[in-house]
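Next come two complexes, and both contain chain A; in the first it sits with chain B, in the second with chain C.
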Partner chain A sequence: MTNLQRYNKIIKDYLGCTDEELNDEVLVYNRYPKWDSVKHMEMVAALEDKFCVMFETLDITSFSKYSLGIEILRKLGVDI
Partner chain B sequence: MMPGRVFPFSMEKDEKDRYLTGKMIELTQYHRDHCSAYRKMTDALGCDLRRITHYSQLPYLPVSLFKDLRLSSLEEGEDDFKTVTSSGTSGQRRSQIILDARTRTDQQTALARIGSDFLGTRRMPYLVIDCPATVGKRDHFSARTSGILGFSIFGAHRTFALNDDMCLNKDALHDFLEKYGRQPFLVFGFTFMVWKYFCQELEAEGMRPDMRRAVLVHGGGWKKLADQAVSKEAFAAGLGRVCGISRVIDYYGMAEQTGSIFFECECGHLHCSDYSGILFRRPEDFSVCGPGEEGIIEVLSTLPRSYPGHILLTEDQGRLLGIDDCPCGRAGAYFEVSGRIEHAELRGCSDTYEDRS
Partner chain C sequence: MIFDIDRRDPERTALLSDGGQSVSYGILSDHIRRIGEAVPAGSLAFCLCRNVPESVIGYLGLVQNSCAPLLLDAKLDPARFAGLFSCYRPSYLWIPEDLSGSFQPYIRKEILEMDGYCLCATGQERADLNQSLALLLATSGSTGDPRLVRLSRENIMSNAAAICRYLMITQEERPITTLPMHYTYGLSIINSHLLAGACVLMTSSSYVQQPFWDFFSREKATSFGGVPYTYQILDRLHIFRGKLPSLRSCTQAGGKLPEALQRKIAVWAEGSGVKFFVMYGQTEATARMAYLPPQDCLNKPGSIGIPIPGGRFEIIDKEGNVLQQPGQTGELVYIGPNVCLGYAACREDLARGDDNRGRLLTGDIARKDEDGYYYIVGRKKRFLKIFGIRISLDECEKLLKEEYPGTEIFCGGEDNDLRIYCRDRKAAAEGAVFLADQLHQSRSAFSSFYITQIPRNEYGKILYKEFDRYVAS
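Take a look at the complex of A and B:
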């Protein structure tokens, strides 16, 4: 499994979305019905666990779209 | 938008006055266009936006109005919103605040920037002085739920110090301190809960956990503690005695106004960020108080768009201590809150758990 696949799996597991929905038009924080503040923190914790990183406070609020999660993981040194 | 590391205490008085006046006129116009009840109220108050030269001249709504009215400035047909209820025990009426996605997101960004300035950008292990059930109800967002979830962005490994029956979860506390107690960690709770269900419980149980590395952030009002004759100083001394907590940060804010959260700095002053404004009004004629003069607190925020809560007259009193010259180095107004105004309804965030003892 590649890191991108691992990322996508976590997103799908937590938000209950399909492969087709894995894009910035659909997956927007506070807009996609299941992506609320509770799910958000659970998802951050799962990503941190899986990739052994720690989001900073401002990363958590920056993570507001599908692709921004990937960007933050890259910033934290994950090869994705 | 990738919110960068913006320093949220940078605007000095002249710039801030101009900025806030412009923003508040724009928001007042926006809410007049989107909320007919708000338009009628501001019409009755004789609001002529062309003549406004300073934000203190704009009409303010009493915060208690949100208990009577569900005010919305949502676009026609917009159904993507959440309702947050303010504190208040079962016998009391609660405010209802309508938050759309944009207002919620803006609020989190503001909280992250303001809070990071006091707590740092690195997240710390997070101990919540509350019970898991408080965040369990997804359909009902109380002020306590919002507080715990909101502050989660500063923490990791969230742990609840209380069981759902509000008694101390000694195992959870012990495990948390065992794992994280030797590094800086964040403790968050509402003032009354921290005192009654944590500090007093530890004392009664004869427990003396080592929490010297903790930073305690608490808010939600002193009313109930003042009733029990617990002063701010006694609160801090009690925590120091029982568990060694020495870094205590009080904050002031209310569910009715998103974006306005005022943290206490190292000098013990509450600070107004670039997102907010603060005014003090004389109870006899509602004119603006001079520096140091006690008055009713008015809060202003640049964030509320889904409901007309950008200018509110609170039921608290306090006084302006200074502007731009706090020794901590933050620009903007700093102030203190002295209590509730007389005859105001008894209220305060942490009052929401009814005392069943």
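Take a look at the complex of A and C:
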């Protein structure tokens, strides 16, 4: 499994979305019905576990759409 | 007018949105009058709320005009809305315009439009409302239960006034919304600050998102409220390490904060010149019943504090006798002018009068200490019997958390079948045996499970009934 596949699996597990929905038009915080603060923090914790990284405050608060999660992981040194 | 809104300086800002919309007390009282003119007094209305000024305007306009609005989340599941609609058949809806399409089947006529919200008639005949009824709130956000809490204007006014007094709210305050306004605690923050003539900063964005904090610092928020889960997230966001220069106070209610976190926040608050209030309330008491004065936060950890001004507590045994001695545990009873009229389960119940007469059985088991400070020991329903012995599930969770530190562990189940759910493999394997031995009970009545997720509602509250759905095979 590639890191991108791992990332996508976590997003799908927590938000219950389909492969087709994995994009910035659909997966936006608060607009996508299931992406609320509870799910947000659970996803952050799952990403931290899976990729052995630590999200800083600004990483958590700026993770507001699908692609930004990938960008933050890259910034934290994950090859994705 | 409600909260004396028409007697404030009309130029002062009452509501300020993150979209830049500003509503002064003068405009607010005009809007409240406009809604009053459009709806006949004594009508039942559903108000679909967001944290935007128009939601507050609609709610106040309806209450002011002796209508009974039921406040609901604008994001409410359509099936749940349909259930409530057919159960109570409101004559009016106050809804965001962008949702009017999905509510089309319920709308007969649009009556009034106001900055993105509209008032619609449903064509339903008028309900027979009791004269004292002013507001309806749901007790649970997401479940299918149509049960509502019936509140009077006296309930709303007395609780707002009591909150203003013990929090010492002045017109200089600028609370920022962190909780939805259809939730009793979120609403109480809006009510008490409008009564004080303050300015409420309204945002729909969450504190886990950057726009919230941009709005917070741009508009110099002075306070916020939160349930335990809010504070757990804020802790994860390292808020209690830094400084929020404009912040003067913060409040916590909606359940018990883990004591270690309470201590951490209290120490941070003291060092930052912030007043931190732990509080206790229920929808059935309009919102608030008790508060822990900030100076007691460190020496009375775990306490819900003392009754709010105008209220008092009793602790009663199973037979209803009042227990006078400190340390005795029993059900907590609250007596005060903010105790709701009662519940409603159907449209006919809206005609009912005051069932409670100012006295509320909270369903919480509590004790008080020698200084008159109260402590919640557990929820009455959070007890079950193992072969005839009464066991507190909260107590069980405490034992398990001490044995498996840092693990999230929850207890549920029914009589003779105590079920432990956790996010730790080791605790899932050993927890049942450990707990049975600790309680000197037969192991056969205990089982433990590893769960893939912790079921929570939108406020982060644990949904105990849903645990079995997340048990890993």
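In the analysis below, the second predicted complex is superposed on the first by the 80 of 80 C-alpha atoms of A that agree within 3 Å, B and C clash if a C-alpha of one lies under 4 Å from a C-alpha of the other, contacts with A are read in each partner's own complex, and residues count from 1 in each chain.
The working rule: contacts are C-beta pairs under 8 Å (C-beta built on N, C-alpha and C of every residue); 3 or more make two chains touch, one makes a residue touch a chain.
Remember, predicted model here, so these are calculated numbers, not experimental data.
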First, second, both or neither for A:3, with chain B first and chain C second: neither
First (chain B), second (chain C), both or neither touched by A:42: second
Contacts of A:29 with chain B and chain C, given as first, second, both or neither: both
Partner chain in contact with A:58 - chain B first, chain C second, else both or neither: both
Partner chain(s) touched by A:68 [first = chain B, second = chain C, both, neither]: first
Interface residues of chain A shared between complexes with chain B and chain C: 29-30, 36-38, 41, 57-58, 60-62, 64
In the complex, chain A residues that touch chain B: 28-31, 36-38, 41, 45, 48, 54-58, 60-62, 64, 68, 71
For the chain B and chain A complex, residues of the former touching the latter: 1-5, 80, 82, 101, 104-105, 108-109, 112-113, 115-116, 119, 121-123, 135, 138, 149-150, 152-154, 156, 158
Chain A to chain C touching residues, read off their complex: 29-30, 33, 36-38, 40-42, 57-58, 60-62, 64
Residue numbers on chain C that touch chain A, as the complex places them: 75, 204-210, 212-213, 229, 233, 236-239, 453, 456, 458, 460
